[in-house]
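Following this line, the structures themselves.
Two complexes come next, and they have one chain in common, chain A, joined by chain B in the first and chain C in the second.
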Partner chain A sequence: MIPTTLIFYFLNGLFYASYLFLVASGLTIILGILNVLNLAHGSFYSFGAYVAAFIATLFLNNGLPTPSLFMALFMAALLIGLMGSGVEFSLKPLYKRRQEYQLLFTFALSFIFEDLIKLIWGFNPWTCPNLFAYMGAVNILGQFYPSYDMFVIFIGFVSYLFIWFFFYHTRTGNLARAVAFDKEMSSALGVNVSSLYTKIFFIGAFFAGLGGALILPAINAIPGMGSDALGFAFVIIVIGGLGSVKGAFVGSLIVGMVRAVGIALFPEIELGLIFTVLVIVLILKPQGLFGKRFE
Partner chain B sequence: MGMNIKTFSLYLLVCGIIFAIAPFFISSYYVYLIALGMVYGIWALSWNVLFNYTGLLSFGHALWFALGAYVVGLTQERLMIMSMECYLGLTLVVSFILSLAVGYLCVRYTQIYFALLTQGFSMLFYAMLVKFYSFTHGTDGISVKVPALLGMQFTNVESFLRAYYYYILLIFLLCATILWIMMNSPFGKSLQFIRDNSLRARFIGIPIIKYRLWSFVIAGVFGAISGALFAPLNRQVCPELTYWSSNGNVVFMTLLGGFSVFAGSAIGAIIFVFLQNIALTLTIYWQLIAGIVIVVIVYLFPKGLTVSIKDMVVGMYKKVHGR
Partner chain C sequence: MSEPKKVGRRTFLNYATAIVATGVIVGAATYLATPKGATTTVTVPAATTTVTAPGGTATGKPIPSEPIKIGILTFFSGSNAVVDVQIWWAAQMLAEKINSEGGILGRKIELVQMDVGPNTDTCVQNYRKLVLENHVDLVTGDLASSNGLAVAPICEELKCPTIYLSTTTTHIFEDVDPKPKYLFRAGNYNTMEAVSCALHIKRHHPDVKRVAGINPDYAYGRDSWQMFVAALQKLLPQVEVVYEAWPPLGTTDFTSHITATLNAKPDVVFSVLYASDIVAFMKQAVGYGFFKQVPLFYNALGYISFNMLTKDVCPEGLYFQARDYYFLWPPAEIWPIQGWFVPEFYKRWKQYPNIDAGQLYSAIDAYKRAVEKVYALTGEYPTNEQIVEAMAGSSCVGPMGYRTIRREDHQFLSPAPIGKSKHSPDYPFVILDELEFIQPEECAAPPGVKSLDWIKSWKI
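And then the complex of A and B:
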């Protein structure tokens, strides 16, 4: 009996970790390479969920089969990526200013985006449970666990592998690391820093949008979901070390597990538990677990 | 900047007299709005101690505001104490201890790291207020009854508001004076030195972490005082006081007024109250408007609205007079 419960806690932990990793990884990539803390990142996540709901509803109303909804989720993430590039474009004039101005700007954007969501989609929750029901459940030691949650966990791991491959085995990824290391020198050697920044923002926003789109079939999209996810993403990247993708991965696992146990056993102090972990990490290792820039 | 204590006292006196006679000419609703503006003014001034004078951008300053407000709410409800002075005293003690603890963890970081951590603590406080339902009533909040001011009881809400206005005015002037003196003392000058060049400040022997911590504590305590003043004015405290958007409001106020001068944030707070009051009668999408205004300020008026307008007027004057 107890082993099954433990397995379920573990799987729930992985599930939280997966979608939180998608949000946190984009945040940490943008921070590590552009040195911009994107406070509007939570909005990418919530926009991802709402756009996915919108496209999915469109698909279903036009009589497309349920599996086509995977396509809808992916399309939503791509659209959010484009939105991210747009945000980066409007940030360009601010790079030469003090960093605080970029923070204020993305902060203002998060204000605007949160209200835009309410303006476009209203205050009622949006959802799309078809996919969740379609995938059914798997039998684990006599208990049922939703297959869709397994799918999200799988995507989380694949995304980590993809990001790792991108930064260490593609030309753009290597150039991005070079720019993070020394922007002026890379620029002098002929790297087009400006277009690289746009691409990095695209990737960051894409993953946040994917996180939002993926979570949609399992939960409801509601106003304010973005700032909650952003809060978790902050904690994750501080635990893992700012700018480190590996740190975001390990941080997501830690936060996901603590959250799963917290929700199951001590729901009142779930956030308190997560912050306790954060404070312990900060006291023992102020730069986070893997706190160094892309090198 | 370049202002001595005499000029400052003069400005303060003029400002005090204008605010003191204003209630005789305006309706209670505007008395309430100006009182709210002054409460927010203390809050914005305390935020600017960190931002302008120490160079630390806090995105979690609503934590202190909410802390002060909840000290009032909880003391009234649990301990049945009805004295405003007692609330303020308790707020001072609680906020001093807590800001020392939170500051200890935060001030070793600067820039985005600092912004992130302060935001995190503010969200943690929000979550605690919501989750500990039996103690804080969760999202319902706590309703605050009219307290006694300097031992005087009030039965009529209207007469309380008029008296409380002067109470707030006095504390506002007091806080502004204390903060101005602090920021223009050798301590304040050292903070600005740390902001401009922390490495050099360390070389000449300024203990930068310790100074940043004191700056954090000052900001926290004054922020909490403004929150404590807010509670009886609003007659209701709720967890939203330390939510994400509330953290943004204090940033917005200071940007409106201009952070590079001392009085800027307080002026911004009063503009903010009236702007929000007008905007909310027109639309429920207040954050959208606030966001757009911040974007415009960041792009076009980086020194803050009032300072940029002043610069523009001075520039035009010089052009006209050929100097």
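And then the complex of A and C:
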């Protein structure tokens, strides 16, 4: 019986890691390339969930079949990507100023977004339950595991592969790394930094939105969910090293696994355990596990 | 240019005279009308006043003409607002009803909305603001445990009648404010939730052995679990705790807690998760086949909107403790207040009233009765001190029925309902069936005795 339980803890850890990675990866990409610590990133996550709930409800009310809801989730993520580009556009005048200004600006935005969510969707939790129930559960050695959670894990991995492929095997990705390395030089060599920044913000926001949309069928979208996710995303990118996508990936896995096992073995210190890992990493390797410049 | 100016001044003078004259007339009218306490639309007849309090009308303080301000201090923001918005709805509905029936001694009720805010400091600040700047006559609302503890001494200091709804922590009246004067609580508290569940288990499932808990990681969750375990082990000595999970408030992903709980193979799981936490938990638990593997599940449903318990999230056969009010009991035929409250609430807000909405009714009713009682006895409009003294030890009504208010610790008491979840075709959400009521004497510690000491003193 013990092996089954271990498999479940492992899967739970992966599940948690998957959607947190989607949030953390966007945060770390934007930080690594634009050098902006986007405090409104949690709002992309919560907006992703709410917009997905909205579109899904719209689909269902118009009699579309349940599988079409996957489309709704993806559409929500795309919309959040566009929203991210909009945020980047409003940030443009601040790039020449000190980093604190961008920090405060995104901090202010996060509050505005939180209030907007309450204004648009009210205080009731929103969800898209059909998908979760529709996919049912798989039987793993006599125990049930929700298929939807498997799907989330799968998308988490695919997203990592996509981000890796994008930054190492596409022209835009390579240029982005060049800009992260030396903005002035890249600009002098003819790279359109401004439009590149908009694209990067689109990608970062897209993945955060995807994280929110993807988790929605399994949870309830509630006000304040974004700030919680942002908190963990910070832990992840600090463990992994600021600006490193590989770091965000490994950091998510560490946080996910520590949480899953921690809840089983040390339920009393569920949150404390994750932060203990953070402290240990900071003492042993202050720059984080993969902390360098963006690579 | 100069002519219009002239006309302007003249018009102004005309208006000014008119305003002053109206003011004088209205002022005189109010002055003449109010001192005798008879001409305003008063529910208590003036005759009673003169009979019971000779001389009272001569020296008595007149009924103020301005409205009674009731501050609704509760969560208007944050995830708790989902549930607490019903307090505001109920308050509006009730204020309109009382006002249309002539108010409290002719004074209309005016509501002041105030958010608890994100932390204890803001809550205390906003409470002070209500009392000192808005000059409210009564503060009521759900504050959550930590805020409730911080506001208690401020309430006694500012001497403003204050009635907590929910805010169920035992520490308020057992430790922080053991001899309350201005503070009341219009809701069964967490000892009653935990102990009533334990008593219910003893009655219906006396052979349970392995118990696990999933509770929010803060005072409410910790205290409830401690008391539940203490009570259950007293009642059924064979019970052992096999696992306890402590998800932080606002957790959205409970998958690891679910796996760990299942792994411990409990006979019964007790939880005080609430609001969207319990809904998210149950949804994920269904995905894991949790309720097929755990024979008994008890949840204190104190803090939720019932429409959140949808049928796909909540299977049948789970036990829910509904603190002190469930909208399906008592039936409208035997309790007219319920007959007005529930349909009217649904008509206006498209939801059924939750526990806090029911508590709000009893809180305002208790205040109204106290004001009218003192006035009937003395012929004077009561001071805050008189109001709270009249309230302590009295009783009031609410949609849940009659409620008593303990003199010693100002705790409102009513029987604690426990029911079993059922999918009924009449409601789009899960309802509670087989309701059973645990009497307050059985599940509340006597005043002056700490809950845990009381449980430990049981002789079984």
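In this text, the second predicted complex is superposed on the first by the 289 of 295 C-alpha atoms of A that agree within 3 Å, B and C clash if a C-alpha of one lies under 4 Å from a C-alpha of the other, contacts with A are read in each partner's own complex, and residues count from 1 in each chain.
In this section, contacts are C-beta pairs under 8 Å (C-beta built on N, C-alpha and C of every residue); 3 or more make two chains touch, one makes a residue touch a chain.
Keep in mind that what you see is a predicted model, and the values were worked out from it rather than measured.
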item: When chain B and chain C are modelled together on chain A, clash or fit; value: clash
item: Touched partner set for A:78, first chain B, second chain C, both or neither; value: neither
item: Chain B versus chain C as contact partner of A:118, first or second or both or neither; value: both
item: Chain B versus chain C as contact partner of A:108, first or second or both or neither; value: first
item: Touched partner set for A:60, first chain B, second chain C, both or neither; value: neither
item: First (chain B), second (chain C), both or neither touched by A:268; value: both
item: First (chain B), second (chain C), both or neither touched by A:219; value: second
item: First, second, both or neither for A:289, with chain B first and chain C second; value: neither
item: Touching partner for A:277 - first (chain B), second (chain C), both, neither; value: neither
item: First, second, both or neither for A:132, with chain B first and chain C second; value: second
item: Where chain B runs into chain C (options 2-10, 92-100, 110-118 or 236-244); value: 236-244
item: Touching both chain C and chain B, counted on chain A across the two superposed complexes; value: 118, 267-268, 270-271
item: Chain A-facing residues of chain B, complex; value: 51, 57, 59, 105, 108-109, 111-113, 115-117, 119-120, 123-124, 127-128, 131-132, 244-245, 248, 251, 255, 285-288, 290-292, 294-295, 298-299, 302
item: Complex contact set, residues of chain A against chain B; value: 31, 37, 39, 93-94, 97, 99-101, 103-105, 107-112, 114-116, 118-119, 227, 231, 234-235, 238, 242, 267-272, 275, 278-279, 282-283, 286
item: Footprint of chain A on chain C - complex, ascending; value: 77-79, 81-82, 85, 217, 243-248, 250, 252-253, 255-257, 259-260, 262-263, 276, 279-280, 283-284, 286-289, 305, 308, 310, 312-313
item: Residues of chain A touching chain C in the complex; value: 5, 8-9, 12-13, 15-16, 118, 123-125, 127, 129, 132-133, 137, 143-146, 148-149, 215, 218-220, 222-225, 228, 259-260, 263-264, 267-268, 270-271
